[in-house]
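In the two complexes that follow, subunit A is the common piece, with subunit B as its partner first and subunit C second.
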Partner chain A sequence: MLKSILRSIFRGDPPSTQKGRSELVFYNLWLHIHPAKVRKEHLKLRHTGYLGFVSFFLLLILGATGLALMFYYHPYPPRAYQDMKDLQFVVFLGPFLRNMHRWAAQLLVVAVFLHLCRVFYAGAYKEPRQFNWVVGVLLLFLVLTLSFTGYLLPWDQKAFWAITVGTNIVASAPLVGPVVKVLLLGGHSLGIQALLRFYVLHVAVLPGLAAALVMVHLWRIRKDGGLAPSPSGPREPSAPPRETPIPSSPEKSYGLMGIVTGKPTFEVLVPEEEEAVFSYPYAFLREGAAFLATSAAVMALALLYNAPLSEVADPSKTPNPAKAPWYFLGVQELVSHSPALSGILLPSLLVLALLFLPYYDGNPSRRPRDRVLALSLFALVVLSYLVLLLIGLYFRGAGWAWVWPWAKGAGGGA
Partner chain B sequence: MRDRARLVFFLLSLANMVLLGLALARAARPGWAAYQRSYHRLEAQSEPNAAAKAAVEGAPVAIAQIILPGLQRVDRCTTCHQGVENPAMKGAPEPFSYHPDISRHPPSRFGCTICHGGQGLATDLAAAHGRVAHWHQPLLPREYVRASCGQCHTKGDVPGVPELAEGRRLFDTHGCRGCHRLRGVGGTIGPDLSREGATRRDPAWLERHFLDPRAVSPNSVMPNFHFTPGQAKDLTYYMLSLTGEEMSNYYTSESVIPSIPYGRELFARKNCITCHSIGGVGGKSGPDLEGVTRRHSARWLDEHFVNPTLVSPGSTMPAYDLTSDERTALIRFMAVATDKDAEALLAGGAKALTPEEAAVEAGARAFVHYGCVGCHGQGAAGGVANPNSQGGQVPSLIHVADDYKKSEVMAIIRDGKTPPLADPAMPAPPLTMPSWKGTVNEEDLHNIVEYLWSLKPRGEGSRW
Partner chain C sequence: MNRRSFLSLSTASAAALLATAGMGLAGFFRFLYPGVFYEPARRFKVGYPADFPPGQPVFLPTEKVYLFHDPAKGFSAASAVCTHLGCTVQWSERDRQFDCPCHGSVFAADGAVLRGPAPRPLTWLEVTLSKDGQLQINKNRPVTDAYHLLIPA
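For the complex of A and B:
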């Protein structure tokens, strides 16, 4: 009886056999995004840093803690702020949940950014993975927007003014800027309408979009032939040409099975059996370890540092300086120099350049020594943004004037 | 492939469990629970037998909170301060001691923080007492807690808090409204004070500021009024009471306490002594008021205030516009008033007034109340510097009757006026006459003009 129940749930052979290990992956909805076997090289920490996994796991942690927080949150002022106090003082594990959500969100911004840098360095956006790069860049912006909308929800001074600055940056965009600002705020200034809109965006619209794009992102990894091999290693073998190409005439003149390429991807890509191992248990153990490391890091941060909460939002009392969320401080710094040119035009161009990178980078090689120009340009842009961000974070005081962070009463931090 | 990942996976699982355990342990033992257990032990001491002791000691711990929708707050102070309403806890060690003398202000209707300050939502010591960053209402020092009475009792005398009434009087008579706006009335040269008690909840700062404004804010343009330390404290009490708290009717309806001193103040302000006598001292056109509360019921007297001729046909007493609390205060005062009070009132300058004199007197009060004295000087004699206006000073108003028609002066008060420049090349003078339309009502406007006309020195003809 028990055996037949188990048999109906776990249909494959036991994983002690090689057939069982393959079936464990094939027959499972959640696992079959993996190949049954993976290249040993891809499991090495230094190959990917597991940054994609870490980002994915952080999203899961954010979803879980966010869902728990939703039980305690009312998206209207000033109740929203009182809910933060309730979380802090009376909800069981409330501070821990809020801290986890806050720190996981900050870590996610860092993780997706590092993930992007890693993929760029490896040249993994090149043929045949161009589109997945675009999906990835869109996900980066979704993560930033999620973080931005979540920033307002505590409804404290810091949130209120950071979002005021943020939406004013949006409003300075040419043509669409003012319209987008009004749509985002549900009015001309930040208030009860804006909080509701940010809340709905934060808990429903954006997570839904992100979940959809994450699915596409992961699925495309398989369809594009798995992870890109090491850039310094041998050239990636391309799939062998079809013996009889399928004609693309309007009439159906082929069997559906014909669309599927003859052999599983890993067999095409793994010429030598000793370079590959079964996903179960080798890949899953490592992915599990990546998850555990991520959640341990988030929990440790949540235990050590409390998520900030300042005074209740007061529209009549502007802090000086009012700073955007930290990851936008580079943009705010640029806006402070010239709203139109450096503040909007430059970042917009960079965003477009990032999005369409795979389509104008004609260099087929993924070896770093063939891509000196691309790598140095990328490093220059990244470093410049980091410098601007640090200036905004630590070197700007009242009236956005230059202050030394060690000077007394400096307005550092955001 | 012997796999090191297994060991890493195992160790990381362990780390996760430890971290989760730490979080649970921290959440399961909040600081307030320890206070409640010691309170239970304290309570158990007075129990007679062991079974009752054990029952009291073993009582479950829970967060206690007072929800105050009318004050828009939730106070959790009683989570630790468990003995506040338990008379058996008189003299018990803090935080368990009984709060004496609050029968009129039961914690169930008032909570704690509306008077004491602090952070009602918080349940740990530093945060609850408001001594943390990002909370601007720390506990008020014990001697200033009484200032909080003025948040609801916004008018008249507050028993036990003479500082409040005195602070209000000083504020009104020194023309503070000329520069400072308070609840929509007043100038804009200094900061609006409607929420000063909430934004600047620092008695030490306020007192030093009143003694010497520049000692605490170096760029202040506020003149030093040379207040005595006592006056500075009175004003500090008044400032601390200006929290701009939004309250429901239940609290705001008690703005006046119908006390005897307030009754005496009203009796003086309404000039009752010009018609009535007390114990034979005072005016003779109305009946003597000694023992009036024995001759008539409080109900009769109250009706009489509202409509004298209805209750007492043929009475010549005018119907004054008095609120219920004001009527009660007057009746309470009359119950205890003696000829000594009458003499004191007469010595204080109370005399029979013609309607014209009454208007002038009311105008003089309004001139002070709206802060006109702040710029036009005591007795409208001018003397306040206003660089680059003609004459370099805010004009004296003593001779205004010679230069203007009454309607013109009323128009200037209503619409405001920008003083002409002495030297067009220099910056505009800092002080301008604001528009008082909507702030000063027609009656006050009329009275102020009568007052200004009365200032023209007697026996002096027109200058032209």
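For the complex of A and C:
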């Protein structure tokens, strides 16, 4: 009985045979995004840092903890703030869940950013993976908008003023700015309507878009022939010619699969026997370990550090200094020097430059020593942002005046 | 179906598709644009002149306005919304200036930008006397910093 139940669920051979190991992967909805076999090289920590996986797992953790928080949260001021206090003091596991959600969100920004850096460094955005890089940049944008919309929800002073400034930066965009601001806020200033809109974006619209794009992203990795080989290794064979005609045969009618002409790109790249291992168990064990490590890190942070909550939002009184979440502080430092346009113009240029990178970077080589210019430019941009961010975080006090971090009473970051 | 009718049919279909999509999109954005704004009135009464003796400016928190009473020139009102990115500025009696906590803009007592990223001086608002004798401020009527309402004693 038990055996026949199990057999009805898991149809493949037992994983003790090679056939069984393959079937375990492709008879399973959740696992079949993997190939049956993967290159040994790609399993190395050095190759990917597992940063894409860590980002994915953080998204899962955010979904689960976010869903839990939704059971107690009303997107209505000032109730929203009272719900935060309830979560902190009376809900069983409330602080733990709220902390997990907050720290996972911040780790996600870091993980996605490092993932982008590693993909850039490996030159993995070049032919044939250009489009997956574009999908990645869109995901980065979604991750940032998710943290922007989520930041308002506690409805405390920090949230209120960071989002006031943020939406006024949006409003300073040429032509459409003021209208976009009204659409975003459902009004001219931050209030009841804005909280509801941010909530709907944060719990439904943006997660839905992110889920759809993550599916495309992971599927495209397979369709692009798996992960890019190490940049210092031999060149990849280019995609096969696509001109094979549909074979016509009087005896056989073709299903959809038969009409797809040419070999799919990934088949061409099936690795040599000695370079590859079965996904089960080698890849799954490592991914499982990455998941456990990610969860453990988030839980440890949640036990050690409490998510901040300042006083309830007061539209008439701006706290001093008013600081954005730490990863946006570079932008805040920028807008403090020149008109709000630098909060729009510079970031938009940066996003466009990232988005189209695979199409204007004509250098086909992925070896670091052939890409000195690209690598140094990238490092320059990253370092400048880090400098701005650190200035905003540690060197700005009341009235955004310069303070030394070791001076007494210097303003800490968010 | 000949080539000619095929072409005209496909053009018509494409046009219909575009029109539907355009209308859908326009409707969607119009839907998101609120039909009514539940927001504080932009013209409001703040109290009787006698409630505001000359001296330090008074901050009206709901409306985010500073009301000044100069013994010689009379009443004037400045919006407390920083012209940079909308934080609420704070009056400092010691320095006789407005400080913005967000990116460090500083405005003089007449609203002029002294320092920081603010692109424009603070907005001065029209102050009038309403029929019932109360002071009334109108945010829809910006004025220059020279504007004052003098009430003869």
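The definition used in the following text is that the second predicted complex is superposed on the first by the 382 of 414 C-alpha atoms of A that agree within 3 Å, B and C clash if a C-alpha of one lies under 4 Å from a C-alpha of the other, contacts with A are read in each partner's own complex, and residues count from 1 in each chain.
Quick note on the criterion: a residue touches a chain if its C-beta (ideal position, glycine included) is under 8 Å from a C-beta of that chain, and two chains touch if they have at least 3 such contacts.
This one's a predicted model, so the numbers in the text were calculated from it and none came from an experiment.
For the composite obtained by superposing both complexes on subunit A, the positions of subunit B and subunit C are in clash.
Touch criterion not met for A:Gly362: it reaches neither subunit B nor subunit C. When both complexes are overlaid on chain A, the residue A:Trp161 reaches subunit C alone and has no touch with subunit B. Looking at the shared chain after the overlay, A:Phe96 reaches subunit B, while subunit C stays out of its contact range.
By the document's definition of touching, of the two partners only subunit C reaches A:His337; subunit B does not. Touched by subunit B in one complex and by subunit C in the other is not one residue of subunit A.
Put simply, subunit C touches subunit A in their complex at residues 29, 32-34, 37-39, 59, 61-62, 64, 80, 84-90, 99-104, 106, 116-117, 119. Interface residues of subunit A facing subunit B in the complex, by the touch rule stated above, are 82, 85-86, 88-90, 92-93, 96, 156-157, 277, 281-282, 285-286, 288-289, 292-293, 295-296, 299-300, 302-303, 309-311.
Chain contact summary for the complex, subunit A toward subunit C: residues 161, 164-165, 168-169, 172, 179, 182-183, 186-189, 191-193, 315-322, 332, 335-340, 398-401.
If you check the complex, the residues on subunit B that touch subunit A are 1, 3, 5-6, 8-9, 12-13, 15-16, 19-20, 22-24, 26-27, 63, 74, 76, 119, 121-124, 127, 133-136.
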